[in-house]
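Here's a structure for you.
By letter and in written order, the chains are A, B, C, D, E, F, G, H, I, J, K and L; residue numbering begins at 1 in each of them.
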Amino acid sequence: MSESIYKIIDLVGSSPNSWEEAATNAIERAGQSLRDLRIAEVQKLDIKIEDGKPAQFRTNLRLSFKYQD
Amino acid sequence: MSESIYKIIDLVGSSPNSWEEAATNAIERAGQSLRDLRIAEVQKLDIKIEDGKPAQFRTNLRLSFKYQD
Amino acid sequence: MSESIYKIIDLVGSSPNSWEEAATNAIERAGQSLRDLRIAEVQKLDIKIEDGKPAQFRTNLRLSFKYQD
Amino acid sequence: MSESIYKIIDLVGSSPNSWEEAATNAIERAGQSLRDLRIAEVQKLDIKIEDGKPAQFRTNLRLSFKYQD
Amino acid sequence: MSESIYKIIDLVGSSPNSWEEAATNAIERAGQSLRDLRIAEVQKLDIKIEDGKPAQFRTNLRLSFKYQD
Amino acid sequence: MSESIYKIIDLVGSSPNSWEEAATNAIERAGQSLRDLRIAEVQKLDIKIEDGKPAQFRTNLRLSFKYQD
Amino acid sequence: MSESIYKIIDLVGSSPNSWEEAATNAIERAGQSLRDLRIAEVQKLDIKIEDGKPAQFRTNLRLSFKYQD
Amino acid sequence: MSESIYKIIDLVGSSPNSWEEAATNAIERAGQSLRDLRIAEVQKLDIKIEDGKPAQFRTNLRLSFKYQD
Amino acid sequence: MSESIYKIIDLVGSSPNSWEEAATNAIERAGQSLRDLRIAEVQKLDIKIEDGKPAQFRTNLRLSFKYQD
Amino acid sequence: MSESIYKIIDLVGSSPNSWEEAATNAIERAGQSLRDLRIAEVQKLDIKIEDGKPAQFRTNLRLSFKYQD
Amino acid sequence: MSESIYKIIDLVGSSPNSWEEAATNAIERAGQSLRDLRIAEVQKLDIKIEDGKPAQFRTNLRLSFKYQD
Amino acid sequence: MSESIYKIIDLVGSSPNSWEEAATNAIERAGQSLRDLRIAEVQKLDIKIEDGKPAQFRTNLRLSFKYQD
């Protein structure tokens, strides 16, 4: 059977500067070990606050990649 | 009947740099032909990945404008 | 009874530049009077349009803080 | 191929008096140019406020009609 | 065991005039045979269109009543 | 920093006659003390039933206004 | 009062072959005793697995019919 | 046709002590007349308050059972 | 500005045989006039019933294509 | 105008033992200053973990009470 | 402690012919390495389009199996 | 790059006694191999029924932990 099977995972990246950078951090980390990443869908955005100011922007991403248990 | 009728459309803009720039691209393109744009609501954010890195940030926007079939 | 009770509020910040700056404005304003802010969850992002261009990026945030009616 | 294809659009009607009248305004306007309207589903109701009082009741409707690009 | 058990049902009422009247029709019909109705929650509003005009306003209600299979 | 911050609150108004009147009651009450109300979004509609008939139509509204803790 | 009242029920049909056949089984069974069925909306699809293979495709349907308690 | 058809109903049980006990009350009551109950999914939890204290914990459950109109 | 803008539309196809065939009908019809269709997301499945049997399987699809007002 | 207006707030209570106790803590605290609390709807349940074990069960509740800005 | 713990994963299968076959491909692949699969819930259906025609039907499934990190 | 990346997984624990105990079982099992668990969010509660009575309370939890593929 030649049809591809994909697995979906949720990752959360963070950055002190922006949600784009937070997402980039998560994608680049995942790209070190997962094959064939194509789309990352944002599931949720939030902000960790310290001393009444934003400390970390966090991006929760859904990623799919070729399945190999 | 003088009440205004609005139509709603969904557009997706993209940018290699940020979701704000992706949204701006879509709004400026829509603004060339649609009248009376006032609010754009984000429906979804995602990222197109190439070679394990973010290639395009994409912003899905809902826009309303004066209806003229 | 020593367990803490938290209250949740929704705020909307705005910025001509980015959703991160809009969120930061709302958090810093809230931090002037609310104690123990820790996480701000994004509920909604939108854009106010003027003359066919983005005028304000707006971030709707959910914040929790120690309850004191 | 004889099966019908339908297209779905979202319209927003408004009225100073009621959400039913707002919906009626949108449906009658759409009916001038769209064929075979049968059901309008309410997606959202809201109210535009002026001087602390309701100025316009607005009804966001989803309508389907025979598709002809 | 003296605690009451409630059952929930969904009904759809209709009226040529308003969603309130549509809801009233459904509640009064249900009230003929069901005991202890207290709250009706609106699940959905729609409109049946005939000849390009609203023909029936329809209200989908969720009702709870004392359970007796 | 001149950007405005808005706070969002949920109110429930009621009326024996209609959901529009219920919403109007809540908005007029809020307008006595809150500044710069512009849009009220309907979150939920329900009906309080007494003696098998509608007694109160209730409208749950989300309102935003200028924030001043 | 001549307006019709409809009741909504949820049924689950199953089939070893397809979700369409599962839905058909549920509709034909309901049609033996319920009057005036017109639309069945899919609420959920799932699959019962046995020995690592699909054993039953199941379709959860929402059906409305004329109300007679 | 030998495939089973299931019907889904929503019940609400209550208890002064816990949501588990509230659910148990509803399931045991339903089990007196319904065949082949297997899973109860929680749809909603709430609390009835009297004199500023919890009076009843209530569990809204979705149950499926063999259909026999 | 070279970034592509996409527009999203919702279509409903129907077939007496299957939801796949219903979707295929809608996609092939849209493909006659829209450029660069790549993904169709299912929004909703339903069935039109006649004489107590399924008459039409209907598939509501969300499609994106290159925007040219 | 004699119709009552209600305001809705979200509180989060916590307890090392159970979600019921967490909810009770929040309700009793709110009851010290808010009038006419009647229903608390659960919005979300979560658990704070310390050293790999549950440290606090937390219940997020929606409460309505008579509005007096 | 003898209670079983289950882990949930999301897989996407594809097929040129049907969503049922796409789901079967994903389940059979997962069944090679995961124990005790019992239910697969459909999370999403979509279609990959090539040359204006459906090329792959894709089924996104949620599967649970016995947990062994 | 020093920013932490988190992975999210969904587990289901069960207990004959309570949803809290079911959650505790899942968390303690996960804590044996996953680092830095801090929050578990409830996704779903259900009950396995045997002989018309609750046999297992089950809690579906979402957990995040430091990512190391």
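Operating definition for what follows: contacts are C-beta pairs under 8 Å (C-beta built on N, C-alpha and C of every residue); 3 or more make two chains touch, one makes a residue touch a chain.
Note that the structure is a prediction, hence the values are computed from the model and not measured.
Interface equivalence for K-L, evaluated over G-I, G-K or E-G, points to E-G, where over half of the contact pairs coincide by residue number.
Each chain gets a centre from the mean of its Cα atoms; for chain B and chain G, those two points are 38 Å apart.
Inter-chain spacing, taken between the CA centroids of chain H and chain J, is 23 Å. Touching of two or more other chains is recorded for residues 18-19, 28, 30, 32, 45 of chain D. Every pair of chains meeting the touch criterion is listed here: A-B, A-C, A-K, A-L, B-C, B-D, B-I, C-F, C-J, D-E, D-F, D-I, E-F, E-G, E-H, F-J, G-H, G-I, G-K, H-J, H-L, I-K, J-L, K-L. Across the complex, chain F meets chain D through its residues 18-20, 23-24, 27-28, 30-32, 37-42, 45, 61.
Interface residues of chain B facing chain D in the complex, by the touch rule stated above, are 1, 3-8, 64, 67, 69.
Within the complex formed with chain G, the residues of chain I that make contact are 17-19, 44-49, 51-54, 57. Contacts from chain L toward chain K in the complex involve residues 9-15, 22, 25-26, 28-30, 32-34, 56, 60.
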